[in-house]
Amino acid sequence: MAITKIIEIPYSLEIPVGPQHPALHEPLLLKVYADGEEVVKVEVYTGYNHRGIEKLAERNSFYRDIFIVGRVCGICNTVHANCYVRALEQILGIEPNNRAKYLRVLAMELERIHSHMLINAVMAEIIGFESLFMNIMLDRERIMKAKEILTGNRVLADYMMVGGVRRDINDEKKNKLLKLLNKTEERVKYYKQVFMEDDTILKRLVDVGIITKTDVLKYSLIGPPARASGVKIDARASDKYDAYDEVPFNVVVKKEGDSWARMILRWDEALESINMCKYILENLPSDGNPVPDEKRLPRRFPPGEAFTRVEAPRGELTYYVMSDGKPMPYRVKIRTPSFNNIINTANVYLGHSIADVPVILVSWDPCISCMERITVLDLTTGERKRMHLKELARGGRKWVSPRYSI
Amino acid sequence: MGKPKILDLILRNLLSKPSTIEYPKKETVIEPDARGRHYADLNKCIGCSLCSIECPADAIKMTPIPPEYEAPKRNPRKLYPVINYLRCIYCYRCIAVCPTNAYVSTNEYRLATTETIYSDMLSLSTLPKKTG
Amino acid sequence: MEKQEQVEKNRKVVEKNRDYRIIRYTPWLVHFNTGACNGCDIEVLAALTPLYDPERFGVKLAPSIRHGDILVVTGAVTKKAAERLKILYEQMPEPKFVIAVGACACSGGVFHKSYSVLAGADKVVPVDIYIPGCPPRPEAILDGIVKLLKKLEEE
Amino acid sequence: MSYKDVLNKLVGEGLLTPSGEVKPHRLIYVFESGKIRELFTKLIDLAGVEGFYVSTIVGTDLMKDGKIRLDYYVVFLPQEETIVFRTFLPRENPEIDSLLDIIPGVLSGECETYDLLGVVFKGNPALKRGFFVPKDVYEKGIYPLRKDAKV
């Protein structure tokens, strides 16, 4: 179509982005400027979810912080707690026993499976494939049950403790977990096939939001978006923390770099994680009690600093903890993966149609668990319309195009 | 996917039961050691207030035992922990640090209320009342 | 004059029936995240999936605040989100009810001492029912909704 | 060129000074705050754009020394080795050149450090108060992560 004048339509999506980075900014505001259907400019606004966790951590004791950092992100709580606990262990010079290390990995991998299933379900919902969303959510409940058996709570596990974990498992629980994992594996394979073959999904995802290898590194992108563009970054493989040096696994890397590759990569990783969980359950070492006595843990922390990395479901998560010998940490710095992945990717939307914006956004895995609402403001008439993100993906086109496609 | 596969799928779906749990008519299966409501057993509590110091959410307040209840001798300061269930995050840190293992844990999760609920009545019910 | 009396009478009837209308119709939920860790959010979402299926009671997630009857608040109510929560509550049609889900929305949880948090949805809007837990199980959320409906019925 | 050679070359040129390590085994190199752009331009030349990424910027308020410490955590690929580049700024008017035009990935870190700690990155147009901090705090001119901040 011939453009005679450029009309700016500010689309502002308010999205609770990233359980991954709830610490600092979550419901996030993306302001999308569009020319007709084509996105020309994107601005990111933040601060709706800033809870001041870093300051809060400086005011609470080291042990109380273990539970506070778990509440940075509900979906990745065990990896947050694990990262912080390992930083404390580095400062103290404690090493947990092998059984505890294996159990930690088990909890983190279960979390990765349910997180990847959740974001794939949300993607199915965003592109209007509601029955697939319901099916994936139904099968995700099995993993939640497994988490409940292992840690005692469905979502927030509070499973990590300095020097080990907070609960042990017995043979009965082990068998229950294996049964649940076997059932889930079957279903995950099926869903992967659906994502590979279904026309609806292929048409909406393939070649949408392509990002190249150079851009990935320039913009400090991490996790599945980086691996889907052919960059092999995986803190599990490089740092070999906990039992990741003993449990066999492959780092999945894809070359395409589009939204579809990112979603398929998540299914591949979920399958990989299920295999790891099964390996752990079958080869669980029994070298002593993995549960430390919390009454006897050291109360005093020597001065020192530690920087730990962990591979969260959404990418590399880092913690920096500094102790100055007092009962409270001097500085705790949390850098969550969505922090990089969301704020730094504003340029990827350019050139795509408005209906693709939610698809690209979800493919970064910002965990859109709830309210997604969009204000569409038409500058020519001053008319304002609020719509659901899903509506925008499906019907938004209907609302916009008649006016500008002439 | 070919057509015969779809037929197979339809048949299987027609014959299978719905997956919905008829809650609240039918109870769901909850692990017996799931983290639910917990309270202090005052026969064991020594009133040391360690749980109140360690609570990440500051949900536990040490309160004097009311005079109509017989305070046990092992509790010289006559204090007992009262948990604010609305603020409690059910991390069970208090249970782990308690020096006398005085906490009783349950898997009760149906706690929806219209006002703030505390653990005081549950805790005090473990103590005998003074006679006369 | 008679007309005015009639209007007055009608208004009284409407006010009397206000709280009952929700039972005759189906309650639609609107979910608002005021800075939660998404733990409660995914549990609210999980409560709406086929395994628990609250559409049996007619409960459904409404897309817009103007369609909603029950506002489900999760999160520790950060100062920026509090302004929004107030606007949303004012936009809801009468009768309106608020459910606070999770320890953070009930009374601040672990964040109650932070500088950017108001700690508790009841500081901004009147809350009808609290669902404690961190996060509450989907069954507990359904339980809260059922308790709210029962409470209205009794009134 | 492996990351060790790159670092040795930069140390030889006098841009970096090795000083200890952060647990577990993350080497620290101290540089002068005025030479940050020179350092990272050379780093890109030597290691290549695809040779590293900036993982985190950690700002710490050292109130006793009257300084603000700024750590750039850089991860070198393909070994994924984390190296700390550390610099010190005065506590009054902390200023440093922005890296936004040569490494766009530092955007989030710079915005956050400015908003929470008050370090000014010269040349970054996206800096603004209220990126994270609520209005009533930043209107008083308080930076929440400073040790003397009362919020």
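When the chains are written out, they are named A, B, C and D in that same order, and each has its own residue count from 1.
Keep in mind that, in the parts below, contacts are C-beta pairs under 8 Å (C-beta built on N, C-alpha and C of every residue); 3 or more make two chains touch, one makes a residue touch a chain.
Since the structure is predicted, the reported quantities are computational estimates derived from the model, not experimental observations.
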Check: interface with higher C-beta contact count, B-C vs C-D, is B-C
Express in whole angstrom the distance between the two chain centres, defined as the mean CA positions of chain A and chain D. 25
Quick check: how many Å separate the C-alpha centres of chain C and chain D? 44
Could you please state the distance in Å, as a whole number, between where the Cα atoms of chain A are centred and where those of chain C are centred? 27
If I count partner chains per residue in chain C, which residues reach a count of at least 2? 50-51, 78, 80, 109-110, 113, 115-116, 134, 137
List, in ascending order, every residue of chain B touching at least 2 other chains. 19, 30, 56-57, 89-91
Quick check: what residues of chain A touch more than one other chain, meaning two or more? 47, 50, 52, 55, 67-68, 71, 138, 156
Chain-to-chain touches, reported pairwise for every pair that qualifies: A-B, A-C, A-D, B-C, C-D
Chain C to chain A touching residues, read off their complex: 30-33, 35-46, 49-51, 63-64, 74-76, 78, 80-81, 84, 104, 109-111, 113-117, 134-135, 137
Of chain A, residues touching chain C in the complex: 16, 19, 22, 26-27, 47-53, 55-56, 59, 67-68, 71-75, 77, 118, 134, 137-138, 140-141, 144, 154-156, 367, 369-371, 373, 386-388, 390-391
Chain B to chain C touching residues, read off their complex: 18-24, 28, 30, 56-58, 84-91, 109-117
Would you mind writing out the residues of chain A in touch with chain D in their complex? 24-25, 46-47, 50, 52, 54-55, 90-91, 213-214, 217-222, 231-235, 237-239, 304-309, 316, 318, 320, 322, 330-331, 333, 335, 339-340, 343-344
Residue numbers on chain C that touch chain D, as the complex places them: 78-80, 115-116
